[in-house]
Amino acid sequence: MIMDLQKRKELKKKLYTIIFKTDTEEGKRFDIILLNVILLSVILAAIESVVAFNARYALPFRICEWIITILFTIEYATRIYCSPNRKKYIFSVYGIIDLLSILPFFIGILYSSTHYLIVIRALRLLRIFRILKLTHFLKEGNHLVDSLRRSVKKIMIFTYFIMILVTILGALMYLVEGSVNPSFSNIPKSIYWAVVTITTVGYGDITPITFLGQTISVIVMLLGYSILAVPTGIISSELIKPLRKKNITCPNCGEN
Amino acid sequence: MIMDLQKRKELKKKLYTIIFKTDTEEGKRFDIILLNVILLSVILAAIESVVAFNARYALPFRICEWIITILFTIEYATRIYCSPNRKKYIFSVYGIIDLLSILPFFIGILYSSTHYLIVIRALRLLRIFRILKLTHFLKEGNHLVDSLRRSVKKIMIFTYFIMILVTILGALMYLVEGSVNPSFSNIPKSIYWAVVTITTVGYGDITPITFLGQTISVIVMLLGYSILAVPTGIISSELIKPLRKKNITCPNCGEN
Amino acid sequence: MIMDLQKRKELKKKLYTIIFKTDTEEGKRFDIILLNVILLSVILAAIESVVAFNARYALPFRICEWIITILFTIEYATRIYCSPNRKKYIFSVYGIIDLLSILPFFIGILYSSTHYLIVIRALRLLRIFRILKLTHFLKEGNHLVDSLRRSVKKIMIFTYFIMILVTILGALMYLVEGSVNPSFSNIPKSIYWAVVTITTVGYGDITPITFLGQTISVIVMLLGYSILAVPTGIISSELIKPLRKKNITCPNCGEN
Amino acid sequence: MIMDLQKRKELKKKLYTIIFKTDTEEGKRFDIILLNVILLSVILAAIESVVAFNARYALPFRICEWIITILFTIEYATRIYCSPNRKKYIFSVYGIIDLLSILPFFIGILYSSTHYLIVIRALRLLRIFRILKLTHFLKEGNHLVDSLRRSVKKIMIFTYFIMILVTILGALMYLVEGSVNPSFSNIPKSIYWAVVTITTVGYGDITPITFLGQTISVIVMLLGYSILAVPTGIISSELIKPLRKKNITCPNCGEN
């Protein structure tokens, strides 16, 4: 009995290193298999939305879906089983993502008797969010992620400033183009145009046609051009910061 | 009587800290309420420009407008009342913005008897500029704003250079495409195209169709691509500057 | 006689400081007038290309053109007159630009008797290149210009690399889309598409329609996205370089 | 006999310096000729794909093709001949590229008796990849290439993150726009839209039409705007790194 407990403990520990850690041979192999299953699952969900494909290969799609869900269910169960602190895992972001990637399927089975097809379709679509399982592989403590986190506040102030700017630009263009150009028939549309232009996306679904409108657009673009540089500058300077502090130790005398 | 004056003074001071300062609990609460009212007001003005919405909900829109304007009027009156230097506030940028955000409404009432609908519509639109009230929240002395201010002169020289470039490119494309492509029928349009292209906005409302025109476009794009880097470099180097000054300790005497 | 020579010399020197230098009160005033005349001239040339405008206001346009050309002729003559080294000025880039900004007009008069309208139109158009006269105001020794000059070689290597890339991408898309999509009917067009895409201009006049084509496009865009960063990095690092070298002198002991 | 061997050895050595090295007068001349022949060859292959051109000038095109292929064959043979380690050259990347740039032509001759026109066309197209021969001129040990190589891993993580993001955004837009907008009729298309938007390419072939869809688009664009800065920051910081290491002299002991 004690031996049995001992064995279980060992198994649990072994499973834990395989599933949660990546520094062993088996851990790496598990990660690669998981990565591929997730990608396959997402690609299947995406292809299923293509009507022509779905009508043709309905059965193989369903079989694949069954297999993948069973695999993810086993993975979820094992993760709970071997986790040292089960409650912490279940309510962690990763735990919730793992649950959400299997739940819709089971709800779908329950509701399949009903005729609420729209519910089933929505649930089926949720499977695409399984791609969030990939976040398991984004290691924390990453230099890149840290820099981005430190930049967030500055970028927020910047976005706030952009919001004021595009509202004013949108209202201006509505005044100038609104009466002759149906594309600028209301302010929300004009703000949409201002964002499309200032971010240099430039779909071309809404374009100015009057001379004054085009002149304002030219100014907006040259403005957006320079503004584009601000978040770049912010993130660049954050990425360079830690680099500077670390490097200043002298290799010969050990002082700064 | 003296007590009354004393009380008034205290009230004024308290109101001042609530409205103008942000470091007290009440000051913060006031700011959040103000922020929301401004955003609501701007969103209302934007939605009102959508014809279908406006026709349907004319009455609730008008009521909301009344409430918001009364709130802003009270805010403006209180700001004048509790300001230590009234004249300075009234003629400051913020004071003028605060006045302009209520004035159009009152002018609108005066003119409602007349049939100059266009005047009323223009005044109604002005309300969207209430978003400028949000600048109250942009604190001065900000590192970001400082860096941008220092970059302005360099960016100006750069914009000046871009202006020369797009004029020449526009004239060139007018020569090349003008006779076969109605989109390039005059130079201002061609300059508009040059700006749209060099800033990588790329609407696609004006595109070259001749082989030579497309070849020039390709060169313009690759050019614009590298040019895009200049303002980024300028702002990045400005953002990094103060960072550097802090970190440099003199190697000989140990002082900064 | 000697006095006269002395006077002439003084006049020449004075004219020289006004026209070529910008550090005196009069020199600045001259520059501002010149700047405005150039801009006016360019704007006129641009507007003249708009057919409707030109037909209506043919006479005032011609009069303005006469006045501006006379002014530029006087400026050119004075520049030659007061230049300490006339030959050097005449054959310098600025001298040639100054000549080219008046020459087309005089040739136009000579050829007006003939019926080669196309020649006259081309000459008229050349006036837009008067904007190059603005380069007078771009001071040399500028930090910005220096950084750009030092980056040119690296940017060239980079452009060279981009050229190889877009050729391969263009050929690939021609293979994939060529047979079903008339927009990709030949390789030069496909290369044009590749440049439009990789520089994130994205006109939308040529877009992939097959699934494989769209998949390749997605890869190209994500590629272009990262590549966009290279010239920025090059120029940024050049702009930061001199900054670093200058700052390292200690304010206390004067050593580095 | 020995003299002959000696001569051969000398010839081999001389040919080696001309073809593989660039530091002699003759080496440079050879490189320039090669560069021009490659470019000519690529331009010919590109123009040949234009149907109208090809029909007209079929014969001159074929003659040029013959000449260029013979030149490349001679170059390939010489490179093998004078290479100190023949096996190494033949199986190096450059060796394979050199072979591939002549092979299709000879296969084309063998198959010309058959009527598999599609095979010939595909082979003919392969000639455009001769542009890869240009990589001969990209010197290794380049600072720029080094920086890019060091950035690759970080850029990969970033691209991985972008992939997760666009999948989720695509699914979201499919949910929101799918039922009313045929452009968003399936998830792969929506993901394609998300990439086009977030990279600021903005073709405009797929654009949102509902209010909610446009609102999400606006958020995506402002997001993409800030994200655009990340690879720039990464590459910039890599480009600046070596620069810093050189400049830092230890303040205490004076060594690096």
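Note that the chains take the letters A, B, C and D in the order they are written out, and that residue 1 is the start of every chain.
FYI, a contact is a pair of C-beta atoms (placed from the backbone, for glycine too) under 8 Å apart; a residue touches a chain by one contact, two chains touch by 3 or more.
Every value quoted in this text rests on a predicted model; they were computed, and no experiment measured them.
Engineer: Counting shared numbers against all numbers at the contact of chain A and chain D, is it over half, same, or under half, different?
Structural biologist: Here the answer is different, because the shared fraction of interface numbers falls below one half.
Engineer: Looking at A-C and B-C, which pair shares more C-beta contacts?
Structural biologist: Higher contact count goes to B-C.
Engineer: Per the centroid of Cα atoms for each chain, what is the distance between chain A and chain B, given in Å?
Structural biologist: Taking the average C-alpha coordinate of chain A and of chain B, the gap between them is 30 Å.
Engineer: Round to the nearest whole Å and give the separation of the Cα centres of chain A and chain C.
Structural biologist: 43
Engineer: Could you tell me the distance, in whole angstrom, between the mean C-alpha positions of chain B and chain C?
Structural biologist: Going by mean C-alpha positions, chain B sits 30 Å from chain C.
Engineer: Please list all residues of chain D that touch 2 or more other chains.
Structural biologist: 158, 188, 191, 200-204, 228, 232-234, 236, 240, 249-252 - these are the residues of chain D that touch more than one other chain.
Engineer: Does the chain-touch network form a line, ring, star, complete graph or other?
Structural biologist: Complete.
Engineer: Inside the complex, what are the residues of chain C that reach chain A?
Structural biologist: Listed in rising order, the residues are 200-204, 232, 236.
Engineer: Which residues of chain A touch chain B in the complex?
Structural biologist: On the chain A side, the touching residues are 154, 157-158, 160-161, 163-164, 167-168, 170-171, 174-175, 185-188, 191, 197, 200-204, 207, 211, 214, 217-218, 221-222, 224-226, 228-230, 232-234, 236-237, 240-241, 244-245, 248, 256.
Engineer: Taking the touch rule as given, give the residues of chain D at its contact with chain C in the complex, in rising order.
Structural biologist: 42, 45-47, 49-51, 122, 125, 128-129, 131-132, 134-135, 137-138, 142, 144, 147-148, 155, 158-159, 162, 188-189, 191-192, 195-196, 199-205, 228, 231-236, 238-240, 243, 247, 249
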